[in-house]
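In the part that follows, the structures are each spelled out as structure tokens.
The following pair of complexes shares a single chain, chain A, combined with chain B in the former and chain C in the latter.
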Partner chain A sequence: MSDELKTPLLDELEKGPWPSFITDLKSMADRPMVRDLLGQLEKSYRDKQGYWKHGGLVGIMGYGGGVIGRYSAIPDQFPGVSHFHTVRVNQPSGWFYTSEALNEIMDIWDEHGSGLTNMHGSTGDMVLLGTTTKELEPIFRALTAKDWDLGGSGSDLRTPSCCIGPARCENACYDTLALTYNITHKYQDELHRPMFNYKYKIKMSGCPNDCTAAMARSDMAIIGIWKDDIQIDQSAIAEYVDAGFNIQEYVIEKCPTKCITLEGKELKIDDSDCVKCVHCINVLPKALSPGKERGAAIALGGKAPIVDGALFATLIVPFIEIDEENGFEEVHDLLERIWEFWDEHGMNRERIGEFIERVTLKTFLEGIGVEPMPQQITQPRDNPYIFYEEYFEEETE
Partner chain B sequence: MAGEVPIEQLADDMFQVVSDSAGQKKLKAKDLTKAVIAKYGDKISKDDTKAAIRLLIDSGRCVYGYFGGSSIELPHTEGSANE
Partner chain C sequence: MATTERRTDIGPPHYDKFLHPIIKENYGKWKYHDTLRAGVLVHVGETGSIYTVRAASPRLISTNFIRLMTGLATKYADGYLRFTSRNNVEFLLGNKDNIDPLIKELSDNGVPVGGLNNSISNVVHTQGWVHCHSAATDASGLVKVVMDELYEYFVEMKLPHKLRIAVACCLNMCGAVHASDIAILGLHRTPPRIDHSTLPNLCEIPTTVASCPNNAIRPTSIEGKTTVKVDEDKCMYCGNCFTVCPAMPMADPLNDGVSIWVGGKISNARTEPMFTKLAIPFIPNNPPRWPEVTEAVKNIVEVYAKNAKPYERVGEWINRIGWPKFFDLTGIEFTKYHLDDFRYAGTTYRRSMHNRY
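Moving on to the complex of A and B:
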């Protein structure tokens, strides 16, 4: 057999305008694991069939998550990827690293794994791709010796993740990094010892721009929001106008609820109609900023299609205090009530969004002790079947 | 009252449940919790059951598995595992 690796199908992926993971893999093809990964991938493309087997039990002693086991189904042809397990490493909040920290990780991974990484996986973790079963415990020891830990996988709390929040964004409505750090540490058992019906992802975004895409990708989206009026610096508005910026076209006409008007050089917002989409703030950053009364909205049930179809999150709590002084108690309290009710009544492999759909929003709200509120209605006549106890009482009188 | 049954006893009971269903049905943490709650009722708390699972796993008597959902199983060599 020729030593030269031929990958005509994979080569096609290098032809477009974008950087290609194939190019990256080839640059490391001197490693047997990477070389056989390319080989097996090429064969998969040619045969239109995957050649990976599920790893089942593979993991770290004591941990139920963090390692995703995979074996090649054709190890005779590609011995380098006979074992190709993935290790999820809990990322620092907001993905801030020093180069020293990255070097630390890479040294460990070069020694014990393929050297391939995916920074970052959709859970938020650093994803170290490709190692063997016998290397798992040594990797874990090396990582923990440097204060790193594994992330979640399986039916557990997945590694909480957040946007860079106040570290870079002046309009972040709460400290996403602090809350993520807090939740990660408080719920270590839930993270490492799968005890849920299915996975539970929490993502934190500091404002409705939702840079973590929490609404679509997490079971629990914690989105920064404000309660009072958008702050307006009228002199800065005047500067935009004087500079010839077309506020009418780019801001006023694009406000989804048409609650902005411009009189001369003065901008007015009818905040009672504002749905806090943050469009105007994004476009006029020098003049507008969120109100002063800041916290978060909590939406539940976003997920990609696995067992059932994709779901977008449903707003459950329009405003919650995110109070670091208070140890984030309100968030913990709500989270624990949600887990308790889902644990009691949820079915195996039923995500929280599917659970809410099955038991109905009304039952769910009752179960977690949250009052029905108009903000929970997606649109008129979409999910209106909430009956207020007061109405029943009046009727039966 | 919670805490009346020693955690070791709960872990032993759970181990028995896992052993009995080995090879037949994959059990989840919740199934083990339910089994001991059925036996001891309110003599034990949820925290007791969590502590028992921790003991069960950390002692190496059981391990976590994953296939679609997470399970708690006896240690064994997986059919899919390559040498």
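Moving on to the complex of A and C:
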């Protein structure tokens, strides 16, 4: 560590109106870890490349995930970051905190780590960024003493996460926070001890706006949906009309199935044609809300490009009741059937989306015991290469 | 710590203990919400209203920054705050009169309020050179320079519709940029450099061979030791082999850089979710402020802002006007790299006479 920290390139990132992470990091530069992180980052900016080694195997006794080993590739120059491990802490549903609870975690992190965090990681965890191997057990003990536990990493159930749901959204079609809490607690073993083919992410969004990006970012997207009619408050519609809001242009013409009409100040929806895109509900929040028969749709296989290309999740179950009274048993049952089939037939490092592509939807549905339905596809096949499994035989005497 | 008992598998605490009393009372009973001004929401429930002030955060934040936020939450929001899926900080206020003083104090500390509705919200991003072994660029720095340039679109709601930007520093896409209005994606452009002296000890050969999506990796023998070779003509520089085999590093300062993608969306509103598509195949890394990247992103935002209709996301606007016009309007050069040549390439070829002339 040189005596004086000089970061002329990083200093350029202190300019401009957006909050500067460099200014923030510099406020902690009296700590050797942060100081050397800044030093190494300055070198990266100069040389246009990173200086981190491929992750190493470190962890908490009894856990197979939750800690990501990280070491500097040039520890002689930056000994403060020779170890710079990440600790993933399982966030509360909906990322709600009190000042008191967050301050307690910050106290632990100031004592045992760099003091740097990501709030939050892409999967959902609170990410504590930068500590040494010998601090891992003390951090774990301090966190669990305050009722916090680690999140997932590696080929395991990754930390489930959800949107704000019924806590502050009128469009939530099921209790995303409760289901996330339930699944996280029920499957602690799967979350903490990697034993899958690859990672398995679950994200819960309360409506098709999908604020957790579950369709793109999770192996299992549980998206709130309703089956009956959109609820309309006609007096609120009249208020929108009277206020000069252009319902024709901004709502009716934007409806993907053209199932909305306005007669005078009365809005009519042919709900049998509604595809639950939620545009009209988004635009007219005071007048429209989802129907009363609510539940969720389940789609599988969303992922980023690695290995075989990016995929959106495929709709598998168009509607499932999310029944808290029943302990969410139907969701558990489906989830366990999926894991069992994937475990038996999936390959190493094969996400569920790639697995479905390889074995085909037909085989996959049979494997998990879900009936084929026209809702699961955009169109029936347009090629005639059909593998028939039933055929007639000549009757024998 | 006081406890000597070692607790494991306790899971996260119940969210109930972190909910504002007004939220608890109206849980599942919200009637509607309204936007009071940029960055400020009211949600009206059966027995009361909760006010939300949404503030920016660089996501990579210190305990100092978090203590600043918790201090403000204690002072103005009864001690309740949350984070959004795009890493904004949200203060949950029971008292409407605290909105202005909170915003003022945030502003005094250099933290803007906004990111709602027809604005650019916070940028989802990855670790970059700050903390990742496979990064082809930095993520936090790119976010900072891009949002400095687009600041006005965060604090005001003047776009045709919401616009979501994401940054990922390599194809692993921890930032899942593949369904964003505008994605900035770091990429490598040269094959891995194999370290044959360490590979046999560090890597499992069958796993390494199987990791390649294009079957470009084959086992081979060098000086009696089993190692691998790469068919460089087949390599797409995805770095998947490096993920399983540390002896195949990808970093190449001369050739690593950034690509720009457009037109993805995740919401089902109006149109189905869409992937981002390639706009600019490559811009060299030019830290600390990547001027070519900020200029390219700003250009796309401004052309979209000028040409799209209300409630059109970037992808919906492009679908209406067609890709030839998108390249025309933005002045972005169309190249051979825009033609897909991977798995489902054929699905992107034009197989009709539908074109605008």
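One rule holds in what follows: the second predicted complex is superposed on the first by the 368 of 397 C-alpha atoms of A that agree within 3 Å, B and C clash if a C-alpha of one lies under 4 Å from a C-alpha of the other, contacts with A are read in each partner's own complex, and residues count from 1 in each chain.
We adopt the following convention: contacts are C-beta pairs under 8 Å (C-beta built on N, C-alpha and C of every residue); 3 or more make two chains touch, one makes a residue touch a chain.
If you're wondering where the values come from, they're calculated on a predicted model, not measured in any experiment.
**Student:** So if we stack both complexes on chain A, do chain B and chain C clash, or do they fit?
**Tutor:** After superposition on chain A, which the two structures share, chain B sits beside chain C with no clash.
**Student:** Contacts for A:75 in the overlay, against chain B (first) and chain C (second): which applies, first, second, both or neither?
**Tutor:** first
**Student:** Would you sort A:21 into first (chain B), second (chain C), both or neither based on which partner it touches?
**Tutor:** In the superposed model, A:21 contacts chain C only, not chain B.
**Student:** Once chain A of both complexes is superposed, is A:221 in touch with chain B (first), chain C (second), both, or neither?
**Tutor:** neither
**Student:** Who wins on chain A residues touched, chain B or chain C?
**Tutor:** C
**Student:** Contact-wise, after the overlay, does A:189 reach chain B, chain C, both or neither (first, second, both, neither)?
**Tutor:** Touch partners of A:189: chain B and chain C.
**Student:** Considering only the touch criterion stated at the top, classify A:348 as touching first (chain B), second (chain C), both, or neither.
**Tutor:** Both partners, chain B and chain C.
**Student:** Figure out whether A:144 sits in contact with chain B (first) or chain C (second), or with both, or with neither.
**Tutor:** In the superposed model, A:144 contacts chain C only, not chain B.
**Student:** Identify the partner contact of A:54: answer first if only chain B is touched, second if only chain C is, both if each is, neither if none is.
**Tutor:** Both partners.
**Student:** Have a look at where A:153 lands relative to chain B and chain C in the superposition and call it first, second, both or neither.
**Tutor:** first
**Student:** Name the contact category of A:213: first (chain B only), second (chain C only), both, or neither.
**Tutor:** The second partner, chain C, only.
**Student:** Measuring by CA atoms in the overlay, how small does the chain B-chain C distance get, in Å?
**Tutor:** Once the two complexes are overlaid, chain B and chain C approach no closer than 5 Å between C-alpha atoms.
**Student:** Do chain B and chain C land on any of the same chain A residues, and which?
**Tutor:** Correct list for chain A: 53-55, 62-63, 189, 348-349.
**Student:** Note which residues of chain A are touching chain B in the complex, please.
**Tutor:** It comes out as residues 53-59, 61-65, 68-69, 71-72, 75, 82-83, 133, 153-156, 189, 193-195, 197-198, 343, 348-349.
**Student:** Using the touch definition from the top, list the residues of chain C that touch chain A in their complex.
**Tutor:** 1-3, 6-15, 17-19, 23, 27-28, 30-34, 43, 50, 52, 56-67, 69-71, 73-74, 79-85, 87, 89, 92, 110-112, 124, 126-135, 138, 140-141, 143-145, 147-148, 151, 154, 168, 171-176, 178-179, 207, 210-211, 213, 238, 240, 242-244, 246, 251-254, 256, 266-271, 273, 275, 285, 287-289, 310-311, 342-344
**Student:** Where on chain A is chain C touching in the complex?
**Tutor:** Answer in residue numbers: 9-10, 12-13, 15-25, 27-28, 34, 37, 41, 44-45, 47-55, 62-63, 70, 84, 86, 90-103, 106, 109-110, 115-122, 129-130, 138, 141-142, 144-145, 147-149, 161, 163-164, 166-170, 172, 175, 177, 181, 184-185, 188-189, 192, 208-213, 215-217, 249-250, 254-256, 276-279, 282-283, 285-286, 289, 304-310, 312, 348-349.
**Student:** Report the residues of chain B in contact with chain A in the complex, numbered from low to high.
**Tutor:** By the definition above, chain B touches chain A via 28-30, 50, 53-54, 57-58, 60, 63-70, 73, 75-76, 78, 80-83.
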